[in-house]
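Paired with chain B in one complex and with chain C in the other, chain A is shared by the two complexes that follow.
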Partner chain A sequence: MAKTIRFTLDGRTVEAREGETVLEAAQRCGLRIPHYCWHQALGNPGNCRMCNVEVEGAAKPMVSCRLQPKEGMVVRSAAPAARRWQRAALEFHLVDHPLDCPVCDQSGECGLQDYYMDIGRYPSSLRDDKWHMGKRMPIGPHIMLDQERCIMCTRCTRFVSTVSQSHELGIFGRGHSQVVDVVPGRSLDNPYSGCLADICPVGALTDRDFRFQVRVWYLDEAESVCPGCSRLCSIWAHTSTRRPWHNQGRRLARLKPRLDPEVNGPWICDEGRYGFAGFDSDRLGRVLRLGRDAAELPWDAACDEIAVAWHRVVRHKKPEGLAVVASGALSNQDWAGFRSLFVDGLRLSRFLFAPEPDQVGAEDGLLRRRDKVPNLAGGRAFGFGAEIQSLTWQTLAEQIEQGEVWGLYVVDRDPLKVWGEKGRALLERLDLLVYQGPRKGLTGELARFRLPATAWLEEDGEFTDFQGRVRGYRRALEPLGQARPDWEIFAAIEAAFHGGGGL
Partner chain B sequence: MAVTVRPVTRPARGLWEQVYLIEVLRGLGVTFRHFFVNLWRHVLALLGRRAAAGAVTIQYPEQPAVLGRRARTRHRLLRRPDGAPRCTACLLCETICPAKCIRITAEESPDPMVEKRARSFDIDVGMCVFCGHCVEACPVDAIHMDSSQVELASYTRAGMIWNMESLMREKR
Partner chain C sequence: MTKLLTAHFHEPRLHELETYRGLGGYEGLKKALAMGREQLMEEMKKSNLRGLGGAGFPAGMKWSTVTPEAKDPGPRYVVVNCDESEPGCFKDRVLVTRAPHALIEGLLIAMHAIDAKQGFIFVRGEYQVQYRILDKALAEARSAGLLGERSIDLMRGAGAYISGLDTALLETMEGKKAWPRQPPPFPTAKGLMGRPTVVNNVETLCMVPHVVLKGGDWFAALGTPKSGGTFLFSVSGHVAKPGVYEFPMGTPLKDIIAAAGGVKGGRKLKAVIPGGVSTPVMTAEELDTPMDFEGPRAQGSFLGAGGVIVLDETADMVMVAHNIERFLAHESCGQCTPCRQGSYWYERILERGLSGGGVAADLETLQRTGEDMTGKVICALGDTVGVVTRALMKKFPEDFKAKFPERRG
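Presenting the complex of A and B:
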């Protein structure tokens, strides 16, 4: 049992764990003390002086991010003296701040704005001109630097030295002319550079991807997890649907890390953060039968027709000739419906759920994982990868070539992309090709039936990460058109098979 | 919105109202009273016994109406001395607009001294309630409602939408 220290903060008794500072204990208890430089993962240099508090018996202000509580200590963060000190620190920060809030992407979620409205509200006593430094400097592929807006909290330089350990940023000069900048000859291109826009408490480091797309007060947020790899980092999905003309008409505005000490802490990688720019492009929203008699179908008719088409083929061919290609982006709910339809219902044996060749990527010791598909672990829990082994792309192509496989049910995968041009001939040999997925891809064009599925932000669901944690995500957007979650589609098709008396 | 029915009871008409001639004469009486009172005011003003003259009929639209100095009329986007729009696309007017009639999209400005500018700036004057909140909210004094233009009718809904170019012109 760790030792706890009891002290009083603003009239409330707070228990600090051993080694915790007053600010950390306050944060944990939901009491807010203003601060810029302190960050739960980046330490407490104590240079912003915003967290000044009054300690009974002490003659001078104390910075609470470096103050170790003592038993029975009485701390006041909202007393008139403490507020006066905090206001003075804020005024110093704003001396050289350009106040270009109207064009700053941070406004609406800016620490300077928040504390000015909370504890500032002083008339400006500044008579001199402001110092001018570099503005809109694209210092990396994802980050825009504005040196004038910087308040020298050094969170960014601590991030690049301790978290990403890439050391691209430094503090140069001193006094008024002190600036944050990239080290000469370097570019801020580490795989976690997007996090700098999150940790910057002001508008000095902003996101280039999100730049001028939508004002933050128009965004809605939903709890989600990042499906970029099997780490499944906790994220906030920020969506822009209130004013459709913003964000170039795209509904997903940005992904932000959601604090989760067990999985990703306060970070996410750039691949995950910027990997969903095309979320709204190439999407499916209509149930279609393609080919000579192309038509838009209602769901029940499409499911019936798929069952009928299957029965027509299995009159003279083996049922096992239907192979199923599935993606590791299925949720646990989807895997359950998948297993129920294809394994327990139709008793199929040919499955392909190995990643596409380009779904294997870089890995590092912080967050990124090699397999860029979110939920193969969930599939394993339903037997896929355990007692049911996956075909390879090569063997599946050979089996279609030899005529052993006469049909393909593709779930959110693109065989044509993997096989290239020879894949077109392979897919045209098939008696039945059903494509189901949120995006059309190349294969969607060739399918006999094309079923629209929801993308992960349009459904509630769960993934299982590589360590076996079940991670839930919430619906952030409305499904497009007729799109339904994958498990509902599997269930509807299964019902169609039962209705036809086929199983 | 659901359609609701509210019964209205008609006022009962007595014999007096049903003899129309008397009511017609009463109406003429009202008209003549206004005519002579107004005429009397003009005469008093002519003789210097009264500060303000009586009411005058303006022959609108042949004769333009005189608007008050602070009347809120069609919006006008102001220019900087170099001719570029002053608007920085901060979206505060769009945010405060209670009628949601302003649509702005932003882009990077090519001018090195300007960071952000509007790519498009549309106002649907058919939806505008002429409250003037956009003028109050603008931090760079880029939008005024002093074009003195009140004749904004159009044959189409699309014609009610003013874009950045037309909002910067004096007349449509």
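Presenting the complex of A and C:
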């Protein structure tokens, strides 16, 4: 067993693990000591001097982020002396701070505001002009810099030197006039640049996407995972529904990393963070029968009609002539329903799961994975591995051409986009085309039945990551209109087959 | 009175190897190399030679804390701190200009003592002439075979006061921003490139050959019980003959001022800053203070690096405070918040006081925020910001009341 050190902090006994500082041990036990520069993944330069504590027997204040506890040490972080030192450090941080909270996006989740309310609340003694520096500087595709709001904690420069290792930021000049800025000729465009808005404890580095969209106190949050690649980083989904006229009417306000030491630590990549900006666009909300007799249908009617259509065809054609194209974005629950309907029920054998070229992308040693679909691993666990991928886009096209395939059930994929214009003729040959998914897509327009599915933020579910961990996510938003989770749709169709005596 | 470093300053060609050797130069090195490390350390410890760059850390003790080669194999370094930037101090400049070989000799002895193969002399960027003098002297020593297996390189500062602080200096040498480190580990354990490193002031090393030649006990006896040998005082301000004066440790402050010709123009002395602007002010009543590392402490000040700044009755202490704080605000490295912001806040308050806008409440702010800086920052520069003005306020309250009056409304 690793050695532990017991010390008291504000009267409570705290057990520090070997190598842990007083601040770290406190943090782990849920005890809060004010701090700006310390960050669990970025070290403890000890430059903000906010975490000063009183140690019994020590002549001077000690910065708890650099203090190794000793057995029996008595530490006070909330005693009057410690509070005075912390308040003084806060006051120094605010001397030249512009206090533009009313127009600052950080407002509501700002380290300066929070500590001022917790331990500050002193009257200002400043009678002189403040020092002015650069404002609203777009230093990269995602990040806006406000040099005046910067408190010089150096988290950002440590991030670009140790985490992203891209070195685009520096601290230029000296003393009170020094500034954080991008290195001349560079742009803050590393694949993790959004993290800088997360780690900046104040409004100096903010998210350009989120700028002026919605006040953080109007947001709701839900635990989720990012479906941007098979890493499945833990995230918070921040949604804006209380005031629909904010955030330009979009319900998803932003995605933020959710600390997960086993998966993503405190980071997520920009593709994941910003890849879902169009979450609400092109969405399906109504169950439709398309074609000459187009109509909006209730779910049970649609499912019955699909079952009837199937029966009509299989009277004279082979049942296995129905092919299924599905994406690796299905949840484990969806895969279960999928298997039950198409394999165990209809006994189909023509499937296509292979990711499209644009679903394969950049990979690095930090988080990003090559496969940009979240749940191929979940699919494999349900038996939809490489061995069952009997089709490619090429062979599927040929088999439709030759009449071997007479029907297609498309789940959140877009064959027409893959095949281009020649695909239209192919799809028109089919006796049955069902499209199910959260978004319209080109193929959806040609389908006989178009079924609206929920997107991941609108359902509870689980994915399985590339390391085999099952990763749950929670519903953050209401489904749109008639949309239902994929597994519910599969189950309803299966029930319709049973009702019609088809299975 | 015994003079060690300035004894031969009347020799016009002292900076040349031949002259220096003719006067017994490099004999200390010869003796040290023959001596064996343990005995050398012993003499150094006995000598009570203190670090003369300002902090006064005993030099022998510093050397002996270097992890021995046997326990930590690999390179180790000696770095000469010739960044001398403290306003009021100019002794290192004079030493290097007049007697560069004394420094090289001391450095070679220090390198021998800690078994360093590589030494560096870090020269303040503005010391252009001194850099050239050192460069030439090194070339002479090298071609005379005095370096032996050892190598010494010159490096230049880029014009920041803070890079005179040993750990900031090491950062600069590694090509980084001169932001002080926070020991532990100390440079003697982990210094330049993470290797054991001794950083010593120019003057400290210049003293070393004398310790070796005449023995630690002899050297110690020149000074006071805890501060051995002599010390170079840079005397400036309102004196008749500003300059560098060598005196034994413990010489009363008034003797040093008298040697510099006393206060200029027959005016009355008002105050003395004893060791460079970072050291708290002393009053005319405190002139009997013995100038060693212990004396000025009794008056709440420090010996510092011996930059004695004499101020006569015409000096306005608010102006003095403003001058110093403006310097410190300009030189604050900006790493830690209380110093970065506090120093500039100080500058603004004092500036407003000078231009007629001061109010009594400002004095409370200066007092309170000064207390909140000292001891609550990363390095001694920030401590100084809070200390200097408070000492002036305490010892010369009338000057401050005049500029920061109680006001109606």
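Here are some notes:
The definition used in the following text is that the second predicted complex is superposed on the first by the 500 of 503 C-alpha atoms of A that agree within 3 Å, B and C clash if a C-alpha of one lies under 4 Å from a C-alpha of the other, contacts with A are read in each partner's own complex, and residues count from 1 in each chain.
Just so we're on the same page, contacts are C-beta pairs under 8 Å (C-beta built on N, C-alpha and C of every residue); 3 or more make two chains touch, one makes a residue touch a chain.
The model shown is predicted, which means the values in this text are computed figures rather than measured ones.
Partners chain B and chain C, brought together by superposition on chain A, fit side by side with no clash.
When the shared chain is aligned, chain C comes close enough to touch A:126, but chain B does not. Contact comparison for chain A: of chain B and chain C, C touches the greater number of residues.
When both complexes are overlaid on chain A, the residue A:211 reaches chain B alone and has no touch with chain C. Once the two complexes are overlaid on the shared chain, A:174 sits against chain C while remaining clear of chain B. Of the two partner chains placed by superposition, only chain B is touched by A:245; chain C is not. When both complexes are overlaid on chain A, the residue A:47 reaches chain C alone and has no touch with chain B. Of the two partner chains placed by the overlay, neither chain B nor chain C lies in contact with A:32.
With chain A used for the fit, chain A forms the apex of an angle whose arms reach the C-alpha centres of chain B and chain C; rounded to a multiple of 10, it measures 90°.
After overlaying the two complexes on the shared chain, residue contacts for A:102 are found with chain B alone; chain C is out of touch.
In the superposed pair of complexes, A:66 makes contact with chain C only, with no contact to chain B. No C-alpha atom of chain B lies closer than 25 Å to one of chain C in the superposed arrangement.
Common to the chain B and chain C contact sets on chain A is no residue at all.
Touching chain B in their complex are the following residues of chain A: 100-103, 135-136, 211-212, 215, 217-218, 243, 245-246, 248.
Touching chain A in their complex are the following residues of chain B: 88-92, 94-95, 103, 105-108, 115-116, 139-140. For chain A in complex with chain C, the residues that touch the partner chain are 45-49, 52, 60-61, 66, 84-85, 88-89, 91-93, 95-96, 125-129, 131, 151-152, 171, 173-176, 178. On the chain C side of its complex with chain A, the touching residues are 160, 177, 182, 329-338, 340-345, 348-349, 352, 357, 359, 361-362, 364-365, 368-369, 372, 375-378.
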